[in-house]
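Below, subunit A partners subunit B and then partners subunit C, in two separate complexes.
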Partner chain A sequence: MTWDTIANIMIGGVLTGLVYALMALGLSVIFGVIKVVNFAHGEMMALAMYAAFVIFSTYGLDPLLATPIIAGGLFLIGYIMQRALVAPFVTRPEHEQFILLLAVAILLVNGLLLIFGPDAQSVMVEYGFDSFEVGPLILDKVKVYAAAASIAVALSLLLFFKYTRTGKAIRACSDNLRGAQVVGLNIKNLYALTFGLGAACVGAAGCLLSMLVDITPMLAPELTLLAFIIVIIGGLGSLSGALLGGVLIGASEALAGLLITPSMKSLFSFGLLILVLAIRPQGLLGKRSS
Partner chain B sequence: MERIFGGVPKRALGLLGLMIASLIIAPAIVNAYVLSVILITLYFAYVGQAWNLMMGYAGQLSLGHTLYVGLGAYTSAALFVHFGISPLIGLFVGMAIAVAAGALIGSMAFRFGIGGVYFALLTIAFAEFTRILFEHFDWVGAMGGFFLPVENRDSSDFLNLRGGPVMFYYVILFLCFAALGVNQWLLRSRLGYYWMAIREDQEAAQAVGINTFRYKMIAVMISAAMTALGGVFIAFYYNNLFPADAFGMHRSIELILAPIIGGMGTLFGPILGAFILTPLGEGLTILMESMGVKAAGVKQLFYGVILLVIIRFVPGGVWPLISKKLGIDKRMKGKSE
Partner chain C sequence: MLKVENLHLYYGDAQALSDVSLNVPDGEIVAIVGANGAGKSSLIRTLAGIEKPAQGTITFDGQDITGQPSYKVCELGLGQVAEGRQIFPSMTIKENLEMGAVINRGRAHAERNFERATTIFPRLKERLDQAAGTLSGGEQQMLAIGRCLMGEPKMIMFDEPSLGLAPALVQEVFQVIHRLNDEGITVVLVEQNVAVSLKMANHAYVLENGHMVMEGTGESLLNDDRVRQAYLGL
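Let's look at the complex of A and B:
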């Protein structure tokens, strides 16, 4: 095995990791503001992947171009879900929130199973086998595009939170809920917007990931776990932590596939999670809660 | 005995007696299929009680509880197949391993103050980690599965847990009501009150001098041991084990449905939940088959709907409603609301 091969595989892992990071970012945004853990995250991602698949196979639309449509659709779903389902649970005990979203997850994954069946589907774009050659490195075109799109979406979300009035208002809710209520912010609406934005992130990520992996309903719980692992490693509620965690997990999965067997690659992620929880439970970039 | 039966209203005791009596004579009345449904219902009632002890009483949400089922199942089955050791001995080894695993998870989580969501995720992570390990563990068949020899099912060999469905039925019936007795006893002991104090307000419990780390560890370990025993049962009943089935997350979810629907933190909740859910699920399967619909996931979809409705509208579960109606809620309820 040459260094070139290793570098290629690692870079491929990092590029996939950036898509994971976008998915985890959605989870982190929702938790950071609403303090509700979206246990149906991977299931929403699978929903987006199937949406990308359906749009691609019926209209031939490239998932890259379908990303805004699917992200928009998931935004709506997230908005409505928060308003109709999650809102009354915000003040309820943690385990009840968890069980509620678990129920949503069960409904989503089995709904997908009913409609699409257990067999794997795939989205094969025209440039699926093309690659960029940079010196000795060979980069898959789809992975580069997906990673670039992920960065673009993540960046625009960060800018939204930093500069727009609504973004600032959402951050205010997260920093000091009582203060935000006192100055008259519409918390209900802002929470729903936040859940929508988190869902849009995972929608975009799912759409992009559909180009990289085969789609099955059984992928959903794995993705939920993966998203959790990433945000816990990076630090729950920390946006830059989610990005770092995604890249780390992507790279470590690729490395595990290379060093051991591919079927054991998630062992690496779980091992990493257990290690982080044992040594630094607040995550790599998380702040210790007081 | 006083701890177990003391203060229970006569009406409740009467109902309980009636229920046990009808379950005892059930094998003589119902056919083999119905018996198998009651058997699996009792199994879920049993493991649900084991889970309820940890979540319902001590307030620690475990979503990877199938880890203990799998460990108990694989240990006792491997000892039996490879060394011919009776499961009646093997079950202690299986329970010990499960307790060790529970202690490891608990000590990691509680020592570092990992609570709530993080704890739940840690339990999932450990279960998944173990699943992948077992998928590469050739000694117990890895991915291909691990099989117990199936001998004639007419004669019962209780010492090796080999026999027909009726024997297994009585074994799980006994386990289910033994667990009920143990839970009742624990709830009325000092330990039970400590657990509930921790569940209601951990900081307050700590402030009055309860060693929360120690009592949470005890909860995890007892729950792990009880659950592992369920695993031994299910391994010898089904005679086959697959890592994805033994340790898969869908199993953990299946396991917690009954206590959530029946009522977390109540004594009878898990049993009631199992008796509501399992027959309904089976009925749905029969209905689907008779209509010629063969679709995977319908039963799970149905479970999802029930779970959603329960947690949205009656988060305390069904049992508190019923016990109020029957007027036996005075000392049966676990929640102090």
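Let's look at the complex of A and C:
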């Protein structure tokens, strides 16, 4: 094993990790504002992956170009889901929220199973085997594009929160809900927008991930779990933490594949999780709860 | 300006307000006094649309606002400086002020109201990019009042504006309330500082265990033996 190989594999892991990061960002945005954990997160991601697959196999549209469409579609689904389903549960006990979203998750996975069957599908774009060569490094073209698109989506979300009136109003709700009521913010609507934005993130991430991995319905619960691991490692509710966690998990999965075998990758992710919980329980960039 | 009739509010089975009626004429200062837990804050929150009353009607500026959500109530010009200030601690002072002007009513005059708020409280203007959570209690109260002004209110309900402030700042807050009233804003004042608020008020109400037990001009309550004993310790 040469240093070049190690570097290549690790960079591949980091690139995939950036797509994971976008997925986790969606979970973190929803939790950070609405304080509801979206237990159907990976399932929504699988829905987006199948959407990318259908659009690609029917119209031949590259998932990179389909990303805005699918993110938009998931935004609508998220918005409606919050308004119609989650909103009445926001003030109810956490286990009731859990059951509700678990039900959504089960419906989604089994719906996908019914329609597409259990076999793996894949999206094979023309440049699927191309790569960029930078000195001794060989970078998978698809991974580079997917990672770049993930960064672009994540960055625009962060800018939205920092500079737009609506973005600031969403932050205000998360900062002090009573204060948001006092100044007359429309909280129901802002919550629905937030769930929509979180869903759009996971939609974009699913669309991009469809180029990197085989798509099966059973991927969904794994992705939900992965999103949790990333968010807990990065720090619940911290957006930059979600990004860092994603990259770390991507790299650790690649390392597992390199050192042992790719099927052991969860061992490394969970190992990392346990390590973080033991040393820094609030997550790497999380704030200690008072 | 504000008329409340036979208001009842429950938290689960517990009754917080019982048959509360109240009248706030245009341009006046109306004080509501009472012990801790008498229901003063519950009343303010119900008027602001944050709690939903079980019974009764609230009319503001000729419109029935009973059971309307807070964002609609704010839109009509009923502003609030809430108990505990309720600023946005991790956002900057500038962003806090902007949040006061998200409602359409404030959006139209955002620049003018920003000038107004920062003229009344020059200290806010010096620290626009500082996180609001790092401000002192007094400065946070100024920010809360400034943020409320950004929404172009016709009437402001102040809930314990002097709570936890140094005496010099208490003085300043009351002066600001006077000034805003002189500029035409109707004021509802809920205060633990009973003597000062009765002196300021044109009219006042005494709330006990969720019931309105007394009302009268500020001066007449100030001279009432029961009020003097119960709230002024005389």
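Convention: the second predicted complex is superposed on the first by the 290 of 290 C-alpha atoms of A that agree within 3 Å, B and C clash if a C-alpha of one lies under 4 Å from a C-alpha of the other, contacts with A are read in each partner's own complex, and residues count from 1 in each chain.
Keep this in mind: contacts are C-beta pairs under 8 Å (C-beta built on N, C-alpha and C of every residue); 3 or more make two chains touch, one makes a residue touch a chain.
Since the structure is predicted, the reported quantities are computational estimates derived from the model, not experimental observations.
Once the two complexes are overlaid on the shared chain, A:Gly271 sits against subunit B while remaining clear of subunit C. Of the two partners subunit B and subunit C, it is B that touches the larger number of subunit A residues. By the touch criterion stated above, A:Arg178 is placed in contact with subunit C alone, subunit B being left untouched. By the touch criterion stated above, A:Lys168 is placed in contact with subunit C alone, subunit B being left untouched.
After overlaying the two complexes on the shared chain, residue contacts for A:Ile69 are found with neither subunit B nor subunit C.
Once chain A of one complex is fitted onto chain A of the other, the partner contacts of A:Asn186 are limited to subunit C, with no touch recorded for subunit B.
Overlap of the subunit B and subunit C interfaces on subunit A: none, as no residue is touched by both.
In the complex of the two chains, the subunit C residues touching subunit A come out as 48, 50, 69-75, 80, 82, 84, 86-91, 95, 98-100, 102-103, 147-148, 151. Within the complex formed with subunit A, the residues of subunit B that make contact are 55, 61, 63, 108-109, 112-114, 116-118, 120-122, 124-126, 128-129, 132-133, 135-136, 249-250, 253, 260, 295-298, 300-301, 303-305, 307-308, 311-312, 315. The touching residues of subunit A, when paired with subunit B in their complex, are 37, 85, 88, 92, 94-96, 98-100, 102-107, 109-111, 113-114, 117-118, 217, 221, 225, 228-229, 232, 261, 263-264, 266-267, 270-271, 273-274, 277-278, 281. Residue ranges on subunit A touching subunit C, taken from their complex, read 165, 168-169, 171-172, 175-176, 178-188.
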